[in-house]
Amino acid sequence: MDSNPVIETLGRRLRLAVVGGGPGSFIGSMHRTAARIDDRYELVACALSSDPTRSLEHGGALGVARPYADAMGLLDAEAGLETGADVVAIMTPNDSHHRYSMAALERGFDVISDKPIANTLHDALDIVAKVEETGLVFCLTHNYTGYPMARQARAMVAAGEIGEIRLIQVEYVQGGKAREADPTGDDLPWRYDPVRGGPSLVLGDIGTHAHNLVRFVTGLEVSAVAGEVGHIVPNRLVDDYAGAQLRLSNGARGSFWVTQAAAGMENCLRIRVSGSAATLEWSQETPTRLIVRPIGMPAEIRTPNGPGTFPLARRASRIVAGHPEGFHEGFANLYSDAAEAIAARRAAVEPDPLAMHFPNARDGAIGVKFVEAVIRSSENDGAWTAATLEI
Amino acid sequence: MDSNPVIETLGRRLRLAVVGGGPGSFIGSMHRTAARIDDRYELVACALSSDPTRSLEHGGALGVARPYADAMGLLDAEAGLETGADVVAIMTPNDSHHRYSMAALERGFDVISDKPIANTLHDALDIVAKVEETGLVFCLTHNYTGYPMARQARAMVAAGEIGEIRLIQVEYVQGGKAREADPTGDDLPWRYDPVRGGPSLVLGDIGTHAHNLVRFVTGLEVSAVAGEVGHIVPNRLVDDYAGAQLRLSNGARGSFWVTQAAAGMENCLRIRVSGSAATLEWSQETPTRLIVRPIGMPAEIRTPNGPGTFPLARRASRIVAGHPEGFHEGFANLYSDAAEAIAARRAAVEPDPLAMHFPNARDGAIGVKFVEAVIRSSENDGAWTAATLEI
Amino acid sequence: MDSNPVIETLGRRLRLAVVGGGPGSFIGSMHRTAARIDDRYELVACALSSDPTRSLEHGGALGVARPYADAMGLLDAEAGLETGADVVAIMTPNDSHHRYSMAALERGFDVISDKPIANTLHDALDIVAKVEETGLVFCLTHNYTGYPMARQARAMVAAGEIGEIRLIQVEYVQGGKAREADPTGDDLPWRYDPVRGGPSLVLGDIGTHAHNLVRFVTGLEVSAVAGEVGHIVPNRLVDDYAGAQLRLSNGARGSFWVTQAAAGMENCLRIRVSGSAATLEWSQETPTRLIVRPIGMPAEIRTPNGPGTFPLARRASRIVAGHPEGFHEGFANLYSDAAEAIAARRAAVEPDPLAMHFPNARDGAIGVKFVEAVIRSSENDGAWTAATLEI
Amino acid sequence: MDSNPVIETLGRRLRLAVVGGGPGSFIGSMHRTAARIDDRYELVACALSSDPTRSLEHGGALGVARPYADAMGLLDAEAGLETGADVVAIMTPNDSHHRYSMAALERGFDVISDKPIANTLHDALDIVAKVEETGLVFCLTHNYTGYPMARQARAMVAAGEIGEIRLIQVEYVQGGKAREADPTGDDLPWRYDPVRGGPSLVLGDIGTHAHNLVRFVTGLEVSAVAGEVGHIVPNRLVDDYAGAQLRLSNGARGSFWVTQAAAGMENCLRIRVSGSAATLEWSQETPTRLIVRPIGMPAEIRTPNGPGTFPLARRASRIVAGHPEGFHEGFANLYSDAAEAIAARRAAVEPDPLAMHFPNARDGAIGVKFVEAVIRSSENDGAWTAATLEI
């Protein structure tokens, strides 16, 4: 990418503060790298850990200008600085997302939040309302929507190349919780803690990604679900699988399956969308291939910046075809799109419409509603349960 | 394969009669080729079509010694010949499977039948009882169990290499009914005819294959289902998709998805089985690869006759590793195994236990029960419905 | 396949005799299975082994009507029978191919011979002349040309869809000789014996397949080579690798690489052909996928009987798309095409032109010339060496 | 990555100046992104274009603190600043690499240079000598060595897991020059200009990558070549393909094939290395999979941070297994390793030995020697030509 739309719009990079993502956090390093890749942000402040000492030490070790001991302190202090942070990125455990998002929005920060937006629908709607009230930008890092070929899929559906959507399959299969000896005791990691992890860890952690990807690619809503959620590993305290049949808003049908207990699997997020004209297939582990199967024509292998790439996908690739981009770049695409939106808001200009495809607070709330619907169906002998959220 | 166990046992090939599979039938040619590949059978008689004239003409054109005008005539006549057929293979439309199987068994023929065994559980159990009563061999051509790598999967599970089974995914996704203009009128092809096609065409046609493959690989039964069956193509008279959550007999959970309406898809039957020690992945369209993902070890690519092949898989391959075998050979493996069983029965010797893994009448009845359970769940708002059949 | 062109033309199947391929032979079982698959032949006679006792015993065990003690006895006796064999298939070690082919042709048999046609160019040209003189059919089992997608590649090139051919890569990489302890002593298996194995075992065994596949797909001749042949495993008596640069008859360039000493490899025969309009890629180990990469368009996955299949490929598939066919079926396609040619010759009618794409004696001689050219270049410090044979 | 070794060592990031890579340059954006990803560098100065006006404008638009009108001006000015650049990265056309590298080294900058190091062996050796004389760090961006799985391959070979290396295949096949209408006239782009592009564009551009990857993975040198280089597209002024047989320093043999004229290809760099114990296969377009084929064991799929990852590969991955990293991250690994080496040099401490696997000036000179050897062999009728460089 040869230009920097944020500098073009604002005359400078956005100033970013990060909350959470301290030592040993997979996602913290990921967020910070994503923010650096396209040079739209300058990381100026951080509160990396809930432990004040570690928070200050680690922030210093990373060379951040203003490390803070705690998140609320950061928000208060930066809000008071003339050249304080513009944007706050939140990557704390799930049960604190709502608190920090609200505090950041109330102080006038644009927000980038890890998913899920909140652990309850009530909290999610709270954020939606605050975003609407303030007009601030809120980007939820359902990062798989940032992959060029996920965007190509969305663009092809939107352009009608797949026809009327009929059938959907989505799966997200991981192996991180396949071993059967879980942590126990007072000091549970939050991903094994039913309290901090939210109503369903497997749905909050990866189910919302799968659900959001369906919505992103198809442009449809999941209107009802019939499913089950539970744990397959004996004696586990949290859920580790969920499955559901889906009904989509246009009458399409779907299959949904997520688990973190599949031995030897890495990060297999796959989607297949069949319409009246073609089927699309994409898998996160081979992200540079989108298989398109038009009726009566040979199947095609679409690649980032390959022939037939739509603008929405093209702007998500930094290189010529054949040079793989991956997880970081997809994540960075959300950061960079959000940066354009934030810069445009601050400069009071219209953002590029192609930048406006990042998941937002409304998407987050719809995801929480979906989680609740699957849980309710599971508790109700698999009965079909409405998942629609009118907001 | 250097030897011919049937000749070794009986001193001659088995004499085979086929019923159905006339001109234009995909499956008829398939059965006859499968019967030829390993030279265990001599095709001596046929009644290929329900149209007597075509039946005789086509039988002659194929060089079969004794073509008949109709199936019941064949059964009666061959039963009366001293060197008449030993075995009858049935590949007529679904609604006549029961009639011909019963007639053949009653006349003392061993039977090879295309699936489903019957359209109703009542009829299926009828056959089960007749097989038990007569002691004849009954082989149901759930042919995907004949692939070497499906057998390797079964053998690895049986040997404990996968550990306790926890999670299963199976899908069978075809595109043959993706186009939205169906035949209409008085002369419906049977696959578009809700009367002859049975209670659910998609479940009878491909759902039973998927269900049987789960049972074959895991050695478990599906104990309950919560699902939906319907048609996604508007105005269609028959079903074209079905999805379900599965509960297995050991408490494992599963996802099941089948459709014939996915544009551009060919014949995507895939299974993933996760146990406490490893995950297995196999896809019919790339049948010579079985991916094994042990916990804490690199994933492996297992191939027919490659290192670590179990005897059950080894006997299902005719060539050294790297020389692909496919659909015909898998189908032939069922014919050849059944031939060994039949020859052993006729010679009153014990068959090779490794030959006894072909699907039988009981498997067929359990498949029909599964179909009925999915339909019942679908009619009952997705409620969990028992699928167990005690026989 | 619903019809039997041989029965249609001759009123009966062809009577086949096989020479070689006794117990433990991989290729013997392969040939006999290939002859059975499409029901064009009846195996009536055999001389399976150079050991007369084993030859008779094994022939009997396989249920062949007339087993013989030795090959020349078979040829003499069958030639004298009124309903003796029509066709002789030869699958003996390489150094006897010429002797049996000549003897068979001289007695009026049509011939199917395993490759290479002969170990020397002199012997190969001898056979070419005899075939021309007698007008008999001679089919050389370069079986990889029988795969549907290899034929689709040939048809696409012939139709101009690839444009002017510019670049070719072919490799054939096996691991059967990767272990470093070779047999020694008086009783060398012929594949380790430089005397019986011909001037270069690796080139005769698999190099001729690779060379023939290039010619089959492109319709071009290899006009010159610059290469090396040798053994990479220390102390080995026979060659185990060969590499060459190629110049094609239209000026295209190519890369050629074959080995049997690549640890852990199975049977990786791959070809890539780039023309001015598109590139084709095909690999024997995944034979149902032909990748087509047109300039400026998405890459395509072509499948047997999938959309856009040419007639030459369509007649090589027995099933609808998505049902994999493999090595046996490709091999059978050569047998079945040869059967059509033989039946047409015997009935004095014109064969279907689509049946006439099987490798013949001239192809065999050109292959031997290629082997000799690579060896000569290797002996001459890699100098460019003509490989053209004008016949 | 949770820590920043450069900040740990130096107390600050390295100050980076870039020369070349202006608007429209693919590689310029790549270098700058690679430098940002791991936060080891601060971009402080740039001279992006040979056009002074564009150079200044574009530098400003990217938000670089000190944009310069031209490269030599940058080098002089930064050398004179107290807190001027530490490191200069060079990404100009090939014919100026030598000039800027020498000028940078003479002024005391550590250097990161795009490949090839120079267009002639004389110039390359000049740089080697200067690096040795000054003790400065010189990193040549043969970026494919930065991929985790290329490093895993190197580590597995070094650990003896592949055994004694026997056979190598490397290919680099692109389609960027497949179209047959080249630019003409006075204003040739440098990649179509035989003067600025060096003695062989295809070898300089991608052949050196392929050659370097062989050396990187195997730890062997190419001792002799027999090959051809030329253009297959008629009337082209520069080379577009090259092929060669290789002899390696331990007696292993190899095949080398590179082209930029293969229609529809993207960026297919593939390597296969066979040793006495196993074969390795890696392809740049699916960089997260390393296939390992041990003799007598199932083939394995190795993944970044998957089981069995060696430390050299582990430090090249930023994320847990299953989250693909790509071209940028591989490129960044070279930048980050070089940063560690530079920081260690400046702090006068020993660098982490695992950081010292980036290509250096000596590697660059050996690459130029290889190019010259292939050209000489091609001019000499394919004669075997020494490629060894003793330095």
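Labels A, B, C and D are assigned to the chains in the order they are written; within every chain, residues are numbered from 1.
Note that in this section a residue touches a chain if its C-beta (ideal position, glycine included) is under 8 Å from a C-beta of that chain, and two chains touch if they have at least 3 such contacts.
Bear in mind the structure is a predicted one, so any value in this text is a computation, not a measurement.
Colleague: Strictly by the touch rule at the top, which chains does chain A share as contacts with chain B?
Modeller: Joint contacts, listed by label: C, D.
Colleague: Need the most distant chain from chain D, centre defined as the mean of C-alpha atoms.
Modeller: The most remote chain is B.
Colleague: So how far apart, in whole Å, are chain A and chain C when each is placed at the average of its C-alpha atoms?
Modeller: 55
Colleague: Centre to centre, by mean C-alpha position, how many angstrom separate chain A and chain D?
Modeller: Chain A and chain D have C-alpha centres separated by 34 Å.
Colleague: Measuring centre to centre with CA averages, how many angstrom lie between chain C and chain D?
Modeller: Computed from C-alpha means, the inter-chain centre distance equals 43 Å.
Colleague: What parts of chain C, by residue number, touch at least two of the other chains?
Modeller: 265, 292, 297, 299, 303, 306
Colleague: Which stretch or stretches of chain A touch chain B in the complex?
Modeller: 163, 166-167, 169, 171, 173, 175, 178-180, 226-228, 230, 232-233, 241, 243-245, 251-255, 257, 259, 261-265, 272, 274-279, 292-295, 297, 299, 377, 381-384
Colleague: Using the touch definition from the top, list the residues of chain A that touch chain C in their complex.
Modeller: Touch list, chain A to chain C: 291-292, 296-303, 306-308.
Colleague: Which bits of chain A are touching chain D when the two form their complex?
Modeller: That would be residues 1-4, 7-8, 12-13, 23-26, 28-30, 32-33, 36-39, 58, 61-63, 174, 176, 265-268, 284-288, 303, 306, 318-329 of chain A.
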